[in-house]
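Pasting a structure here, questions to come.
A, B, C and D label the chains in the order they appear, each numbered from 1.
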Amino acid sequence: MTDSPAADWLRRFTTTALDREPDLTALDQAAGDGDFGANIAGAARLIQSELDGLVAGTPAAEVIAAAAHVFLDRVGGTSGPLFGLLLQEFAAATVKAGDLTPAALTEGTTNGLAAIQRVGEAQVGDKTLVDALSPAADALKALPPSTPLTEAFAVAARAAEEGAEATAGIRARRGRASYVGDHAIGVTDPGAMTIGLLFAAGT
Amino acid sequence: MSRYFAESPDDLVDAGLAGFALAHADLVEFTPDPGHVTARSPDPRRVVGLVSGGGSGHEPLHAGFVGAGMLDAACPGRIFASPHNRQVYAASKAVAKPGGVLHVVKNYTGDKINFGIAAERLHHDGIRCARVLVDDDVATDSADIAVGRRGTGATVVVEKLLGAAADQGRDLDALVALGERVAAGSRSVAVAAAAHTSPATGTPAFDLPDDGIEYGVGIHGERSGAVRPHGPVDDLVRDMTGSLVTALTLTRGDRVIGLVNGLGRTTPLELYGLHHRFATALAEHGVALERHLVGSVVTALDMHGFSLSLTRTDDELTALWDAPAHTAAWPA
Amino acid sequence: MSRYFAESPDDLVDAGLAGFALAHADLVEFTPDPGHVTARSPDPRRVVGLVSGGGSGHEPLHAGFVGAGMLDAACPGRIFASPHNRQVYAASKAVAKPGGVLHVVKNYTGDKINFGIAAERLHHDGIRCARVLVDDDVATDSADIAVGRRGTGATVVVEKLLGAAADQGRDLDALVALGERVAAGSRSVAVAAAAHTSPATGTPAFDLPDDGIEYGVGIHGERSGAVRPHGPVDDLVRDMTGSLVTALTLTRGDRVIGLVNGLGRTTPLELYGLHHRFATALAEHGVALERHLVGSVVTALDMHGFSLSLTRTDDELTALWDAPAHTAAWPA
Amino acid sequence: MTDSPAADWLRRFTTTALDREPDLTALDQAAGDGDFGANIAGAARLIQSELDGLVAGTPAAEVIAAAAHVFLDRVGGTSGPLFGLLLQEFAAATVKAGDLTPAALTEGTTNGLAAIQRVGEAQVGDKTLVDALSPAADALKALPPSTPLTEAFAVAARAAEEGAEATAGIRARRGRASYVGDHAIGVTDPGAMTIGLLFAAGT
């Protein structure tokens, strides 16, 4: 078990994801197909065992890359590869910055959003995790360079949570929720909510 | 509520696949990680490997259609979750032939993404890879849905016809053209009188009024938003048939292959009764039901519902339908 | 509650049979009154006609096993009600061969009476007629039950082996001897996690606690009186397997044919997972699972449950099992 | 439509059977397989159309025989042929007596019971229709020869109903109810109850 800030962040995320699995399942059940909670929880367990296997002092980029690979190579669904693309961009930005800095967070979020939109073609307002990720990227880009990492995470989390909350009011145009029409109204998008959980885990 | 005979959603898939492999060891080989099923005795004339897959919970699709005359490999994901790209990549590598690999993909974002990443990796390895997308569900043909129609019951028709064509030694481009033609000529619509049991919670995935029918349900139990009363079955089948005939712009004398598909707990008596009504409704349109299949072949766990599918056919397609196939679930 | 896709219990049977006949017109012929299904192309070597039947609601049994290599005729009654004797009589007359007719009867009072009256009429007409009684259900092996063990899942095994033997031209006495040997060597046990839906009322035929399993249920949904909690599936299968092994006094090295049978809404994933566990449990007893069948072949409408069956086998019986059969529901 | 006493009797029986179908279904559901109500109701509808087809003045024996043939040749289940055997003996006794007399009723019931026991092997106490038919036969045999027909029917009905009521207290040894063990306790046997309805229809 490592104790680097990156590992702590991801471990906290996995704990929250497992705690919240029933809520995420219920949301995807109400306006989707019910597998989102299990998918994210499965990923969380795999990431925990990856983190357990890392030696102390593993560079932040490698820690994040390990989680990215879990999502990319071992988790299916729509959400698996999309979260993988996001974490992969976090890892790349962390390599570039030399550590998980606020700048790396901003760049990772921005590039992760771009990659997710290239692959999934969702726009803000389609009721997907893009509705949380996009405002988070905007909020991070607006921060002064000197912002401490935990505060940057907090700002991103707040923006993502607000974006996620807004998804409750709309029908979906993409993802499984797009098939259920008005049944999606009143239901927060679980993918967007999980983006909020990911950032909040860094605070 | 009725719990599944399994310890957990993951056990439902893992024990189910292990048992499937054991039961059909003569037909298929199962690789647990990354999970995929491959055919033991594909037709030696094949020059292209046929791969499909998707979330589990739709059995016998797809593993039940792996074998001579149909798929070379299938990649089962977790319940209702697309397989991850490494499953698709490994399965494709295992069955790629000199002419490459063809992916039969149901039109869902997750499936498209995961098969898409695998295709990139295959290209990187110098393996030709193409895709046929099945998007037959008329209930999702709407300007409000940016991702287009879902892929549902007609997938098994596409897999059968492509399998027979692959056995003739057709190349990748020819198979893509054929698959696109079949998919374009296929439409389905599904209804449910009761939701499937969620393996995560052990409770019905959605509630319907006692006398309600969800018209236009998805194979992951996605509700349609349209509930109608449980009226005369003749009327229900006539409406469903009409929507397929309209979507395919069928006119008198057109020829079709029809599929009456149970979504899980629908009984054989119901399905055959629906087939009888479907045939009658098609006759009213003057459409010739040239071939048919009745059974639970593309399911949604234990949902009580059924889908009707039509595929335009001609001499070529009907001959492909009639070609022999030897898999766990194709009725020989 | 979930209503069937049919207008009434009678429509469920009538439309279902009409659709079955339409779907499998190449294999069977259907006579609506008195209702029976006959095989179009029996093996020309047969000298004895094989007839079975029983209440409807168990599909694909029996009509799904009419065809070359299995039954010559089947008589479907109303839902869960034995066919009347005139059905059995007409079906038997239609398929009687120079060597007579053999009735395969599940051990129920109604079936015995109605097949019995038909047999009297056949004798009166000078047609030789004999009966093989299937009584495999260990849950009804009790001094409190005067009528003996019920006939359940193993019926399909008896029909398969007798069909193959009839195709070899064996005479009536030989077939009776074989059938009695197979029936004596067959035992089954069934459990349910949820009742079937009563077609008469549209509600579950009985209630179980959320976490309860009815251990020893019948294929008409008769409760056993023994409810156990939904514990580990491994334990459940081990207990069921043990009861069959004990009933057949199987010892290490004995050879069996195994059947994992869904009772209606049990999913393929569950059934294959159960097959895996069944094979493991049999291996623990040192019993050789030489052949197997996994599927919903003897159902109880849409009950959520399954049965496990074992039939002692030897080289002769295994060869009969392997012989080809061409029917709507036998996996070819 | 005829108006002979025999036809009236059978028509009243069919009306009651159709009225009581849900109760009969419920009893067979609680301790059997739920098809008894539909089976008897199906028979009742067939008998009604047979009765409708008879010309006025059809002899009682022929009227009863028509109903017997419906049960014997067109109704399955356990109950179909057993009710057919009973009615066949009523018809035979009616032929012998020249009409549906109290003596014919007694002989038909006695011989019907014997036929049902030959075929079904049930004894009193097995919780079957024999539990109603046997006391009815005894009660009829004990009647003075001068008893009017409707009173004979009434006596038989009372005995059958008492016999049927007694089935509620016991487990079954025959029929589907024998499989359900203690679940049968508290449930009146629907076949026995229907024997009561058959006699009561003659009063």
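Just so we're on the same page, contacts are C-beta pairs under 8 Å (C-beta built on N, C-alpha and C of every residue); 3 or more make two chains touch, one makes a residue touch a chain.
Quantities reported herein were computed from a predicted structural model and do not represent experimental measurements.
**Q** Could you set subunit B aside, keep the rest fixed, and say what connected groups are left?
**A** Excluding subunit B but keeping the rest fixed, the chains that touch end up grouped as A | C, D.
**Q** Can you check how far apart subunit C and subunit D are, centre to centre, with Cα atoms defining each centre and the answer in Å?
**A** So the centre of subunit C lies 31 Å away from the centre of subunit D.
**Q** Quick one: report the Å distance separating subunit B from subunit D, using the average Cα coordinate of each chain.
**A** About 53 Å, centre to centre.
**Q** By the touch definition up top, name every chain pair that qualifies.
**A** Every pair of chains meeting the touch criterion: A-B, B-C, C-D.
**Q** Residue numbers of subunit C touching subunit B in their complex, please.
**A** 1-7, 11-13, 15-20, 22-23, 56-57, 59-60, 64, 193-194, 210-211, 230, 232-233, 236, 264-277, 279, 292, 294, 299, 301-302, 304, 306, 328, 331-332
**Q** Which positions of subunit A touch subunit B when the two form their complex?
**A** My answer: residues 22, 25-26, 29, 32-35, 37-39, 42, 72-82, 119-121, 126, 171, 173-176, 178-183.
**Q** List the residues on subunit B that touch subunit A in their complex, please.
**A** 9-10, 34, 55, 77-87, 108-110, 113-114, 116-117, 139-140, 144-147, 150, 198, 200-201, 205-206, 218, 220-225
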